[in-house]
């Protein structure tokens, strides 16, 4: 499912891509500007639109950026160290807080990593619940992104805020569905090794169906927002063009990669869980600019809504966990080994690399977050851009600092 | 009383002169009440949103909950804010910045620690890079427990802060705000206790966990027996 | 009669006008918050007073009680002077604005020029504030504001020239008189009048730093623009200047293009105020709907679209005047 | 589906190749030429000294040829040694190697800009080493 080739005819898009020469992120400012005339602006760590606590040191010539140096780690919470101190069962609620707008995807990734080590496969009902949750979470996460992207462009006291409020209204209704399923609005702690903790309550299907029917009707509004709003187009077209080769080499994945014309989705290309049987239509766009990323995310929301409706039809009966008594810590003890499992989170490839040493705690657990890779595009995209465009570009990459810093 | 730029408190001479004027007490207390009313009903918030709680703070400002109803809006610069809401984990690298931003806010100012990370560090409290509670380096007026707290809990926090300001300005004694007990932190948003699918051993395990916790706060170390 | 004395008359009318502007400013903040709330599926202020009507008073009382901070390294004199200068300038610009026949603080022969030139002076306090704050965000905001003001003055004045040419006078009273009989300049010369009205309105938005041209403030980029370092009532004065600027622009558009105080039943200041407030509300509507342009884009818009269009409009108006 | 690395005297089993340190750059260059242009991750794990082995670290690079051909290069680096950097071949290795240097303490030789990325510049120690206490104090903030 290509969303058309973006909004630009292919020759123009190719031209834009060719022009986006790869700037040097390691530019030596001292020799570039021996007089010290550049304005050094510290964007963040507390700034309305750095999406958390990112700090970017910008060297500005007038308002045009010469060099951008991101400084990470203002939210480094030592999750990987904490994983070494906790048992496999206790880790799930911790990783919820990594990518805090898509907690379900985090749980899915880490538990799939553990299951790879154990060699178990969740029962079909649990697979269904997992796929459902992941797709619902994708819609919720993209909704939040659209809202904050509007804030980046329109300001907290303007039209952007209106967009933000509207997307949050929809997001709240998805969170309600999760609250009914898991008892929690935000950090669910609902998956565990070998399956799920919470079964689908009675009447939940109807609630989800209604919610998503409403949302899919309202996506039209956001769609018209892209197609008809001249200011939106002017601000996003040709801004922050990501070269596909650079993106691959930087390990960028997810909507940012797909908006650059690389047709790659883990759900289809390295299927896991229920996606082995499910046909996922992957949305791509070729322009690689901020508007292409917006369109790809919109199309992904549509596709996720379709998948949710499809999955709700065929939830099989049965157990929701293959393992017995998994509620007690210490019961999960994989054999020594190293495993890697990856899922397609709303932001891209979210992987877990686990080293087991035969005890009930992982020896080393690394979370491969897509946000870190997406953010590493910024030093390449920012030079030559206006300050306003840097904000928009940063917003369109959708970094979640909890996942970047971990 | 006022605060000058060297952060010393002093009584304005005009205020002293006014106090000696006959009938001034009635007028002054009324004026003070009006001023307090203004102060409590226009609390502009500086969102020190670092992580998950920041998203719930946004949700509180959004249509379902709407902080604007009680006159609270978020401003991007600390110079124009009255309340700093510390929403999220504060790390060692971030803490100096938080302190600096807190110092940049004009008096009178208050702080709300939103979420268990800001209150005590929660389960990151033993991590090498996380500050175990923001009240270790700056004053906190109201604690809003939860992980993250629901937006309505933040509303309740702001209401508590208003009440506190009112009582302070009237010179009444207020209960000093303490870190909430950890059992309060652990209470789920929706109690699933009555659910038929819930195992009895879970309840027992939760009860044991609660009974074994440090009642004084959340700073219990593994080596420290209470 | 004592009211016949121009000093007394001007003083009384000026007092009334300034108070009108202040009160309108206060409750327009309330109105804007309610209005934005309704646009965003939320109620807006509800708890402070009935329907939240006392919200602006609470805000004012709070701002009055805040500590006054002058940042380290700031230029104290300029930093402290900028907010009152802004407020005074923008209130002074209303002096030449008539609200009805004879209801004007100072009936100047060049009323239009006076009002426009005073409002365009607003860039000076903004620049003072940005320079004096010792803050890079404020400096960038001030730079943007200066660039914006310099460019948008041109189409603003050119489009304001259209009613002057059509009425053949610089006096606002004469311009309003020329529109009597519902020959409002926004409607009557069918082409140039309407175009000039739209141009005037757009450029007034840019002059008053409203979305989509609010790049000097740009909360998402420059935190709070020039007001980043201002606390308490100094910020309040900037806030007042911004809103009153918008209101004055609406009033000017009303007298220049919408027939001033003319209306059905009884002519009078109520029509003038009603029309201006309608425009004012429209500005809020625009503000809470649109996104923000980038600096270079809207410079291009100004010089490549607005300036030629306003020139063409002026020529067309002159031709119309010449031929009729 | 395993890549043929026999001319390096290496065998890939289940996508995993155990590479000697001195061959890493050659193998990586070869793979880059073979179309492995997607850099997935660079991870390291610390193994403290035991009776049989000295203090060492396990480093793993995972590279991918789209759509789904993976190769994981696994190396054992003694703590006294430095791992050759792949930052010149894949730009992603830049930040990933900095992160592993910061947290695990593996040094990467030939890295353009090997600074700490997560922790403050003046931080003592590398927290993900097994001998680093989880609740290490850091004056004055904790």
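Letters A, B, C and D mark the chains in the order given here, with residues in each chain numbered from 1 onward.
The definition used in the following text is that a contact is a pair of C-beta atoms (placed from the backbone, for glycine too) under 8 Å apart; a residue touches a chain by one contact, two chains touch by 3 or more.
Since the structure is predicted, the reported quantities are computational estimates derived from the model, not experimental observations.
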item: Chain whose Cα centroid lies nearest the overall Cα centroid; value: A
item: Mean-CA-position distance for chain D and chain C (Å); value: 61
item: Averaged-CA centre spacing for the pair chain D and chain A, given as whole angstrom; value: 24
item: Inter-chain centre distance, chain B versus chain D - centres from mean C-alpha coordinates, in Å; value: 43
item: Multi-partner residues of chain B (at least 2 other chains); value: 62-64, 76, 93, 127-130
item: Residues within chain A bordering two or more other chains; value: 47-48, 73, 76, 78, 81-82, 156, 165-166, 169
item: Residues of chain D touching at least two other chains; value: 118-120, 127, 132, 134
item: Arrangement of touching chains [line / ring / star / complete / other]; value: other
item: Chain-chain contacts as defined at top; value: A-B, A-C, A-D, B-C, B-D
item: Chain C-touching residues of chain A, taken from the complex the two chains share; value: 39, 41, 47-49, 63, 150-162, 165-166, 169, 229, 231-232, 234-235, 386-389, 391
item: Residues of chain C that touch chain B when the two form their complex; value: 33, 37, 40-48, 52, 54-55, 57-70, 219, 223-224, 227-232, 235
item: Of all residues in chain B, those that touch chain A in their complex; value: 48-52, 54-56, 58-59, 62-64, 74, 76, 88-89, 91, 93-94, 97, 101, 123-124, 127-130, 147-148, 150, 188-192, 197, 199, 201-202, 205
item: Of chain B, residues touching chain D in the complex; value: 92-93, 95-96, 126-132, 136-137, 221
item: Residues of chain B defined as touching chain C within the complex; value: 3, 5, 34-35, 37-39, 41-44, 62-64, 66, 68-71, 75-77, 79-80, 82, 104, 106-108
